[in-house]
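Here come two complexes built around chain A, the first alongside chain B, the second alongside chain C.
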Partner chain A sequence: MVDVPAGPAPARITDSAWRVRTRRGGELLMSLLKNPTTVAGLVFIVLLLGMAIFAPLIAEPNTPDAYQMPRDWGALAVPPGSPGHILGTTNVGGDVLYGVVWGARTSLRLSVIVVSLTVLIGVTVGSIAGFRGGKVDEILMRIVDVFLSIPELIFALAIAAVLGPSFRNIILALAVVFWVKYARIMRAQIIHVKENEYVDAARVIGDSPLRIYLKDILPNSITPVVVQATLDMGNIVLVGATLSFIGLSEAGIAEWGVLVSEGQSGISAGRWWSSTFPGMMVFLWALGFNLFGDGLRDVLDPKTESTR
Partner chain B sequence: MQIRDYILRRLMVLPVLIIGVSIIVFALTRVGGSPIGVYLQTGMTQEEVTELEERFHLDDPLPVQYVYWAGGVLTGELGWSGVAAAPVTDVFLPKLAATMELAISSALVAVVLGVALGTFAGARRNRLPDHLTRVFSISGAAMPLFWFAILLLIVFWVYLGWFPIGRSDPNIYARIDHPTNLYTIDSLLAGDFGAFGDALWHLVLPAATLGYGATAIIARMMRSSLVEELQEDYVDAARAKGLPERLVLRRHARRNALIPTVTVIGLSFGFLLQGSVVAEIIFRWPGLGRWMADSVLRGDQATIMAYVLFTSVLFLVVNLAVDVIYAYLDRRVVLGE
Partner chain C sequence: MTAPANTVVRTGRDGDDLLVAVRDLKKHFPIREGALQKVVGHIKAVDGVSFDIRRGETVGLVGESGCGKTTLGRVVSGLTEPTDGGVYFGLGGEERRKLDTLLEVQSPDRTDEQSEALSALDANHRVDVMVGDAFDHYRRNCQVVFQESFASLNPRQLIKDIVGRPLRVHREASGSDLTERVVELLEQVGLGRQHLFRYPHQFSGGQRQRISIARALALDPELVILDEPTSALDVSVQAQILNLLHELQQERNLAYLFITHDLSVVRHMADRIVVMYVGKVAEAGPTQTIFERPEHPYTDALLASSPDMKESAQDLQALEGAIPDPALPPQGCRFHTRCPVATPACGWEVDDIVRWLEDEEGMFDELRDVERKSPFEAALSFRSEDAANRLAAALRSDAVPDAMRSAIEDLNTTGTDTRIRFTAVDEVQLTLRSEDHVAACVLNRGTSTEPS
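After this line comes the complex of A and B, so read on.
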């Protein structure tokens, strides 16, 4: 939750407000931890993030670029359990374990960049539409509708294709596709929240629209955005890896989709490992964020809890 | 509001959305630079290039170019596909048939399985079958299709050898006519049950791949709407008059729970369209999705644009149809506006 300073208020009141917030945070955490599937999601996320953060300790970084797969030309397509290659190697001598570990970093980079960009764009557009209303709202929402008319993966595929195959272009393509949901969520929230009496009260005491937005409206409407962002941390890696699998990344980078694609040609010869392990990582990554996001929604939005 | 007004209003928005999509697609054709590149040859003089630009209206301002381009699309001029080595319009229909055969079979499996599974879980809320269904559904949402397909390939094609890949056995393909290009239908029309079996046999793996995700979406929706219905008063009334639980479920709750489930069919359809790209690559299925993937890798712009336009329009129309059906089934949707 964004903690917006409440201005020059007496110290004691700010203090108790802070205490209320931490207590609420504690309650939130407790109800999250009550649900076993949410905890499972959290465990996956922690393990995968740990793998991403400590990648250099688990697999020695390749030089000069750690995001490039190292090639062991003396060990092409060796099975799991071979000396020096616990999970085996790909047809071109890429160590599968290295790809799995550094792929977590690639995925973290991808999802953090895309989620930050899309939340920023979506929240801005949605806020303008919801806050201003009228013609501006009408036009912005029609644009959102058009963007939502094209199936996500196909849209991203077309953009990445036009820009040319590279991991950077995959990031760009996903950013273009994924901001619209946030715009829609944010607009609906703002239209709902700005009807509240405390917003009128703030207006009456002469707060500027920007201050009202930052202090009263944004903190009270951001919750569904947080839930969606959690789910998208998983979805973006899922779609990004699919684009890489199809062939829109540079070959040879440490990315799960690229590795699955590299392993594909060896499958008919019984070399299952180079596709299986990296693909499983994509699954676990998406599963972790889906489970956790789901639990988060149940806790933050109690209306839906009863039937889920 | 009357249902007729609702439908009319939705129908009026449809062309606006289609025009919007076409503008995006047009913009995409221009992001990668001028499309003149396709026609350039080495040793062309500047005059020849200028003449080409005039011929294809590429020297006009962008809005004018858009009008020419949209006019071409409307009259079926979708350009030359480098990948298929033929005009896009010539190869589109047979490939569409291949994709539709796959998507429809997956959808059939998904609707039947999804509704059954969702009912089973919803009627046993918070018991083991419900938890298992939840795991199945959430896994479906998190499952990378390309990985699931490869796992099926490894187990059922490489190790067990139970199912083939591709779309048909070439000898069997040659022995019957293909008027519809839907191989299951063609074989039935020819009265050749061996060919029908072959077509089905080839469908199993790709349809299972696509069907899993769609089943997960439908099961989840069916489950939660059934749980909601079971809390309604009419269910208590039905129980109070002594109706067996099985009939309460089948005649009352399930019927009403199906109504909101209709809304996710549009969603599942979008999923099937997108998933077909990956499933067709892995199972070597000669449909639109694989054509699109090849075109993406080889920069075949005409095909990419035709594919994006087509799938978006199809997606829009299916969703419109779903919303209209839903409005008929549940009048509150319209009245609530």
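After this line comes the complex of A and C, so read on.
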């Protein structure tokens, strides 16, 4: 290690914080793109998100509620390729393409709401536990342990069943189940990160605890939360669809699990399309976020970062 | 010449140039055990330390690993609350005299008037209780450079934000003014404008330490605590950083509390040196005195183990033996377990026998129980009469150090028990050896001039 104080000034004197951060973001993206499975995940995500965002352009929204399947009583259970119904219709005349496209929106809504809620709750609880320590920490972590001891799907199922069948209750049930992981991750991160000398350095400067948390602790502990949130964007849709499949949300909404469930009875009669297309969407959604999340973990892993 | 136990032995001269006064400072960390986390003891990391730091001077704080240097530095910098005693910042000469007079009276004996006067001083000057402007003034004027330059810089912040942060927090600058101030600071530590928008990991260890120094200087402090600022660096880089620190001190009239385990590092830098051993000051005095006329055998040993001091090490012995556990510091003089010139008055105790027995497997395996009446008196029961008799015989022979043997007041064996009583001694206190020079050792070499 040679210490060269103020060597010849490199050309980029006109650097700005914004430029450096963009460059760093670019570097991160480049290293993500080196991994083909990550790229595959990203492609799925982009396609599915594109579908969700542009749903009104692909399939004209049903009125009055676009999240309700439109019914074509004149074309019950027609196969893919039928006029006006490229992917066919369900037993009750629901357009499968509409379900697939608007189902993407439903999934996006579900996963964004649940992930935001759970990250917010989990990060808050984990931060308090990790920061305060002592009794507060003990009590909070006892609760977390109880939650974690019950399998996610069964727990969510139980809650949704108690609350009664509706899509809103599925969102609630998933939020109740999924926050604990973030609390656990965040607490462990905080306990580790707050021991760093840059935290002491900030205290010596006289910065406030809140700003130390926001500038020093949070940015350095959030990475595993981001990775977990990416994975959960997929997992939540999977679990949500499962709950819908077993009948815990309203019938007739544009939701992949509901559609799979509705089409199920027709499979033995050879009417595969009504279940298969939405089922594939659930699979691709979960796969996309899991592949991308794994790639993100590899790139963001703090261990590889500190050895640079 | 021995000072009474409650006297604050000062190593600074009187005067108005006082910056920091550390008074009988203690930091004990609880040791917790079991499922209930019960406190089973205390690590006495800092156990009654007093010294002064004057404006513009460097105080070298030296000692082996684990003797409490970092803990002491953290308490002085306000990062850790003391268990007892205090760090006083910004006392005038008059106030300091008043403080020391007040502290000479133990708290239960203080009159109401004295307690009130002390609280008034505390509120304005004791760093763990002061608030408002006094605290703000202290916070600006006492900064730290940590040992690990990587760990002390937030990896997600740009250099501009790291170095500019103190200015922003204290609302001294913002916008382009802030950038210019940061550039100025970077230039003072040998970096420049081209480094503004980089992350810490893009620098070498020496450069990162320069960044830490720039941050510490941003608020133009009066005191910088340097906790082993060079020990993580290559030797060639060490010298550069030391030179930089020296230049900055000249320019800005900075005071340094320079923490290191290596005396040679502070030899050319420090005006005065405080030698710590297991949480206490063993010796303190002007650098030249410490190097030329050390009064404490522990200082001798440190001098002998210091890399570039070899040629001057006449008959100095390097240190042997384990560092004592700071949770159970030795009696009398804490150094007596390792001191090559220990005397019978140095605090020999039951633990010394137990430690000695640990190396005598034959007898140690036979040892069943040690029943203590005091640190100096105990009955050791063995499984066999033979072992008990062998111990007694060994303690009368030269199998044990002469000094230890001479400190035994009473030794007898009944059956499988050996009873031992050492002469009880008080903790060895610091005494004045020459001007501004104190040492905690029962020996007096008399090489120094008589105390004034």
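Note that the second predicted complex is superposed on the first by the 281 of 308 C-alpha atoms of A that agree within 3 Å, B and C clash if a C-alpha of one lies under 4 Å from a C-alpha of the other, contacts with A are read in each partner's own complex, and residues count from 1 in each chain.
The rule we apply is simple: a contact is a pair of C-beta atoms (placed from the backbone, for glycine too) under 8 Å apart; a residue touches a chain by one contact, two chains touch by 3 or more.
Predicted model, so just to flag it, every value in this text is computed and none were measured.
When the two structures are aligned on the shared chain, A:Gly88 is found in touch with neither chain B nor chain C.
Once the two complexes are laid over each other on the shared chain, residue contacts for A:Gln264 go to chain B alone; chain C is not touched.
By the touch criterion defined above, A:Leu287 lies against chain B but remains apart from chain C after alignment on the C-alpha atoms of chain A. In the superposition on chain A, A:Asn220 contacts chain C only, with no contact to chain B.
For chain A, the partner that touches more of its residues is B, with chain B and chain C as the two candidates.
Looking at the shared chain after the overlay, A:Gly103 reaches neither chain B nor chain C.
Looking at the shared chain after the overlay, A:Val162 reaches chain B, while chain C stays out of its contact range. Shared interface residues of chain A, touching chain B in one complex and chain C in the other, are 308. Within the complex formed with chain B, the chain A residues making contact are 37, 142-143, 145-147, 149-155, 157-165, 234, 238, 241-242, 245-248, 257, 260-261, 263-264, 267-268, 270, 272, 275-276, 279-280, 282-283, 286-287, 289-291, 294, 307-308.
Residues 74, 77-79, 136, 139-140, 142-144, 146, 148, 150-158, 160-161, 165-166, 169-170, 187, 189-199, 201, 204-207, 210, 212, 215, 219, 233-234, 236-237, 240 of chain C touch chain A in their complex.
Of all residues in chain B, those touching chain A in their complex are 13, 16-18, 20-21, 23-25, 28-29, 31-32, 134-135, 138-139, 141-147, 150-151, 153-154, 157-159, 224-225, 227-228, 270, 273-274, 277-278, 281-282, 292-293, 295-297, 299, 301, 304-305, 307-308, 311-312, 315-316.
Those residues of chain A that touch chain C in the shared complex are 1-6, 9-10, 12-13, 15-17, 19-20, 24, 196-198, 200-207, 211, 215-216, 219-220, 305-306, 308.
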